[in-house]
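Input: a single structure, listed below in structure tokens.
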Amino acid sequence: MGLYRSHVLVCGGTGCVSSGSQAVLDALKKGLADKGLDKEILVVATGCHGMCEMGPIVVVYPEGTFYCRVTAADVPELVEEHLFKGRIVDRLIYKGEGTVADVPHYTDIPFYKKQHRIALRNCGYINPENIDEYIARDGYVALVKAVTEMTPDDVIETVKESGLRGRGGGGFPTGLKWSFCARSAGDKKYVICNADEGDPGAFMDRSLLEGDPHAIVEGMLLGAYAMGASEGYVYCRAEYPLAIRRLKRTIEQATEYGFLGDNILGTDFSFHLHIKEGAGAFVCGEETALMASIEGQRGMPRPRPPFPANKGLWGKPTNINNVETWANVASIIRNGGAWYAALGTEKSKGTKVFALTGKVNHTGLVEVPMGTTIREIVFEIGGGILNGKKFKAVQIGGPSGGCLTEEHLDIPISYESLSQVGAIMGSGGLVVMDEDNCMVDVAKFFLEFTQAESCGKCPPCREGTKKMLDILGRIVAGKGTPEDLDSLQYLGTMIKETSLCGLGQTAPNPVLTTLRYFRDEYEAHINEKRCPAGACVELARYVIDAKKCIGCTKCAKVCPVGAISGTVKQPHVIDQDKCIKCGACAEACPVKAIDRR
Amino acid sequence: MPKIRTLEDLKKIKESTMDLTGARSQGKTRIIIGMGTCGIAAGARVVMEAVMAELAKRGLKDVSVETTGCIGMCQDEPLLDVIHAGEPRVTYGKVAPEDVPRIISEHVVNGRVVNDKVIGRTD
Amino acid sequence: MQGIDLTINGKKVVAEPGMTILQAARKAGIHIPTLCEHPALPVAGACRVCLVEVEKNPKLLTACSSPVAPGMVIHTHSPRVLEARKAVVELILIRHPLDCFSCPSNGKCELQEVAYELGIRDSSFKEEGDTCNSYALEDANPFYVRDMNKCILCGRCIRACDSLARYHAIDFQNRGIKAMVQPPVGRDLEHSDCTFCGQCVQLCPVGALSEKASAGQGRPWELESVKSTCSYCGVGCELNIQVNRKTGRIANVTTDYQSPTGINEGRCCVKGRFAWQYVHSEDRLTRPLIKENGSFREAGWAEALSVIAGRMNAIKEDFGSDAVGFFSSARCTNEENFLLQRLSREVMGTNNVDHCAHL
Amino acid sequence: MKGLGETFGSGAMTNDFKSIKEADVLFVVGSNTTETHPVIGSWIKERKADGAKLIVCDPRKIELAKYADVYIRHNSGSDVALVNGMMHVILRDNLHNAAFIDERVENFEALRKVVEEYTPEKTSEITGVPAELIEAAARTYAAGPNSAIFYTMGITQHQSGTDNVRSLANLALLCGMLGRPGTGVNPLRGQNNVQGACDMGALPNVFTGYQKVENADVRSRMSGLWKCGELPAAPGLTLVKMMEAAGTGDLKCLYIMGENPMVTDPDTNHVRHALENLEFLVVQDIFLTETAQLADVVLPAACWAEKEGTYTNTTRTVQRVRKAVEAPGEARSDWEILTDLANRLGAAWEFKSASEVFDAIAACTPSYAGMSHERLDEGPLSWPCPAVDHPGTPNLHVGRFSRPNGKATFVPCEWKEPHEWPDEEFPFLATTGRILYHYHSGSMSRRSAPGEFVRELFIEINPKDAEALHVEEDAMIRVTSRRGSVSGKAKITDRVPPKMVFLPFHFAEAGANVLTAAVIDPDSETPAYKINAVKVETA
């Protein structure tokens, strides 16, 4: 094949596809062909770049120019100007906050500059459906190296040395976990990739599977080799059709190259990989429930011990890691444990991928070294709070994580530091909240999720979270009592103490952490029947500012319950007892004299 | 497709695929061709094709070929810049396709500037 | 196999390898309350009532599921354990109706026992309107009644159907507070794979499942258990006939999953457990009947037997022994079959005796 | 159980229940186990779930078929051909157990000659089963290592019933699947004490423990033990023959204890005629059954829960039955009634309890000699149990067969056309049997909860036929054979193959046995319930 002077990468991640990247891709191919540039310029569909709210994203190499929100209509200009004449199309390039003097290279953009991509290293950079591109990025080098030059123990030792810990949330040392499974006796062993990404707003697993599926497969192969497993499953939510399609393609290609199947690389190491589509129940992310689901039973956790390493899938020794964990393995084996361990904090090594969402300027996927502060993520990478509002809290670790405050902004993120303040790493959800968020309401939102997703097997999680939810419901409705706070505290503690699986043991976290850091908000709801953030409808109060009011009577006219009185040209007043908080008056007021408190 | 057995097998694939991804990192050496209307009028595209052909012929993977707009020395078009990482930018003027092999073999490969074509250096 | 040394509540205990903490404790005569656990069923670890404290272990462990390990130091009734256990039971009691007075399981209800043991009168978490009443009583079939308002989701019935009856007719449906044990979505029990062997009913720890025919037939403590053998198919399941001496009637039929003598290992089918009411049927014959010109009249034993003896002797006299025949029965006891063939051979002098062996 | 008697020397189930848990291959033929023996059915499913292979042969797609590795839906009455075909494959591929045969079995060559003919192709023709299924079944069974056969009336209730059993016995011998846990040829007996009734000599040709009445020594020992005179030497009439004799008037008096031939015996119309033709009929039962209504004297008996005694189950295991409640009114235990009657007929029996009767059994029955109610109160015992210190015998034929020379013998059989086959006039094949919820004549189960659940006769019919006949679910249809006609609600299901209907026989008011023929297996005298040519119409 000829040499291409330039590559145009079009994001093919779910996010960008949904915002029309396919049309852009087609338009580009056509445009280049028309201009006769298709011999010298290659168009590539890649996985997610992370910065999804900016999609569809197009990156032009070698310059690495980062175009965002590109539409098919922009393509002719892009071709004519940049690709043909080499003139950057200013209006399409990414502008961070404010203006940018000269065109930034992809990696100079603040969103990316602070990042350190290991798991995500190929996402948005290669065509995930082309195994050769993965190999061009040193793909499968680790596998060949391991199988031909290393003993299984060497592999485990390297992973131990790297300090890699479970990225699914538990944070259990991966190498140690592997050594358990490797040591446990069994004629047959399994490795499983947990791709049952259930946290609302989380999509790192999906992006990894879509953007660099071979890395996952290579990681699992290395694990299988290290632990002596001959069969593996990727348990992926059926809601991820693109990821599943790419995985299937990946398995085909890897099998064709002899990385999967019998006698891999001509050795007696054999490994067969299957895809199991999950129904997407949240609890199936819990490893024992996940295995039950693969076995065809209802996804429900079972107590451990016995641990999967001894009695796992179909009673055989089994090792489960999540997508991100597997995605790190190949790089670790290729570059050595020390290389990975050089990143991060003392106990939490390497990098972690976060899904940054909520009230920040740039939402998206972020991979940073452990030890990075929340401030760096929210304010430097995320570009700060939307519309210059005031930062209030971040919910870290998904629905069963904790809510952290201003005062935690500068703690370096690590498994230890987070659990110290009552949160968890979780799978890496990072939801930013501003002054408009009511923390009681936020806690209620997350608890509603966990309660609805509780499998119902154990009473603490099934009954306890429901009872906590009842109490929170009372509080946001202004019917709470001071005793309710003690009940919440006690229930939360007991649920953590007695629940069967991780889902239940962490479910109370949002409530417990908000109780800890935002108790005043709870008390405002209870004692003053007031929602400081003005978010809780039942507690909202509409008040007419006598100074602003011009007495036009518009408000009185629209009020459905006649709660507003006043004479023409005179300030009006709202009878709070009658008011039903519909907000019609505020909309009707021509001078914005009515505000909600 | 024969099954992979060794690192060698991998390397072969990597080699044959390098340009796939090589073009995605600004190479150690950059060749920048002025592609303004003036440049194109003066035959910049023919020059660029010659560059691409030469690189392909020599199997040079670590050279990125970029285009840029008019840089304001229209009288000397076609313009071709060579930048070795860490060295000043050398600009060649009135470059003809037949000059390309020389520039590439002398300058790009062996680091010897082809002085008779140089019209400027900038840091 | 050498034993595993443990300490439970300060007492040195030797357990066998592979035992769970619960088994080890029971062997040592130490009581740990349970709800979802049953020796005949696979472990679930669902109800959390058997949580115990194991030193050096940050989390409390369910005794029913945790294997013993050498040197374990276990506390089954430490303050931490008791608080957790109490909380769990009170959580279960939030929705569980406390109408024990009228509940068919009163006296054998394991939730009642556990609550009593922990000194719980009512759930401190329970609030107005918490008591579950969202499930309609299911009594469409003649065998047993389902009152899912009382279900504590221990899952014993599901495991019984799965691992004993081997039908998997029911499973958990829905999630969260709506989770409930049901036949497959859109089907009622009568149109599911359920074959009404009733093993789930016997294994239900509360009053969610109860035998229809047993209603009002006697409280558990009034019943006397008589071990016998099922009279239906050729398997010969061991059954326990529960008799209420006050009424002289059968209250229900159960099986014993721990019985050393039961060849059925506690299993049974719909007939063995539920097809016993015929014993008390109105249609039972209570006096001998003699037919006179086409219709029966009641008679005493002496009369009936002498009529039979007279006629049979006469026929033997007139037509010889082989003019007489005997049908024995594959449903009668060995003793009865033995005597009938003796009656035929020894007394009437004919080998004309057979039974429906082949039907 | 004659088929097994002559091949192994003993006619009972060869293995116990525990043995199921050790089988690697379960071969279930002519047995709807999950309905007729539910607990055994659950063990079979459990074993299958734990990794054993399951072969199911039945014209009806019974529940077990769902779980089968190999499911064979062969034509009714083609069992002999099917099994011969399997043996053909096994011999062709040298999968048989030569060592076992050399050491323990006779008459191998004869078998080889017979099964030679039954190539998969020919077998496929007779059975209507694809050749590859027959091959698969053969290989699976032979592979074992431990393969167990289970069968019920689906095998025995044919004119060729004994041949069917012989064939299965041949198959087991051929592969050496006997004498070990997890193997065996296991007839699952239908009724709770059918094994016991046979053991007790409630058969025309043998005393207790299958001691032949022809044998003079046996007779004299018995008369000695029973302190009575000469005992009759000539074998008596079988049940079906007695019924014939009653019809012709040769039999004058019949004493029926706990049986209801009006429902359970073939050709109900003939049975009624025969019983009415008797001079004197005594029926001893717990209900005024269809049969009792024809009696001259009816005696009220105590039922299962009201008496002491023992049952012997299908694995030859003797267990105690205990009195739980009082019998109603003046009803008495059968053993009391019989003792009373015998003494009125001149005997001098002094039995005071069922336990004493059992001791008398032990005294004259070698295989029961070591048993007593006292011992049985400790737990069940399987015969043979010859001495009080003998633990009983869960598995038969370990090391040695019960035939005089200790060896078993092959009894090769050729497949024969059934006595009756669908034709122009009677195009359907009707087969009768049990269902889970009822038992035999239904006199007990229909007076209990199950009676409310399954109230009346239903007739299984294949969707294709239902469509052809324009029959809807639950519509009344009439099934008519050369002997009679019965109506019931149509149950449309592919459990039955096209051109077959299935009728449970528990419902007296709509007795399936109106249809059946008194045609019997010449060897075992078992009625051929499973094959009846009938026509089906909307009623």
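As written, the chains take the letters A, B, C and D, and residue 1 is the first residue of each chain.
The definition used in the following text is that a residue touches a chain if its C-beta (ideal position, glycine included) is under 8 Å from a C-beta of that chain, and two chains touch if they have at least 3 such contacts.
In this text, all values refer to a predicted model and were calculated from it rather than measured experimentally.
Q: Taking the mean of the C-alpha atoms as each chain's centre, how many Å separate subunit C from subunit D?
A: Their C-alpha centroids are separated by 29 Å.
Q: With chain centres defined as C-alpha means, what is the inter-centre distance between subunit B and subunit D in Å?
A: 93
Q: Would you kindly tell me how far, in whole Å, the mean C-alpha position of subunit D lies from that of subunit A?
A: 66
Q: Subunit A to subunit C: how many Å between their CA centres?
A: Using C-alpha averages as centres, the distance is 50 Å.
Q: Which label fits the chain touch graph of this model best, line, ring, star, complete or other?
A: Graph shape, chains as nodes and touching pairs as edges: a line.
Q: Taking the top-of-page definition of touch, could you list the pairs of chains it picks out?
A: The list of touching pairs comes to A-B, A-C, C-D.
Q: What residues of subunit B sit close enough to touch subunit A in their complex?
A: For subunit B paired with subunit A, touching residues are 1, 3-7, 10, 13-14, 16-27, 30, 33-37, 40, 48-49, 52, 55-56, 64-69.
Q: Provide the residue numbers of subunit A that touch subunit B in the complex, in ascending order.
A: My answer: residues 1-7, 9, 40, 42, 61-64, 83-87, 125-126, 130, 132-133, 135-138, 140-141, 144-145, 148, 256-259, 265-266.
Q: Using the touch definition from the top, list the residues of subunit C that touch subunit A in their complex.
A: Checking each residue of subunit C against subunit A gives 43-48, 51, 60-62, 65-67, 83-84, 87-88, 91-92, 94-95, 125, 127, 152-153, 155, 171-172, 174-180.
Q: Along subunit A, where are the residues that touch subunit C in the complex?
A: Residue list for subunit A touching subunit C: 281, 283, 298, 300, 302-303, 305-306, 451-460, 462-467, 470, 487, 491, 494, 497-500.
Q: Show me the residue ranges of subunit C that touch subunit D in the complex, using the header's touch definition.
A: 141-143, 163-166, 195-197, 212-213, 226-238, 241, 243, 248-250, 260-261, 263-264, 267-271, 274-281, 283-291, 296, 300-301, 304-309, 311-313, 315, 318-319, 321-359
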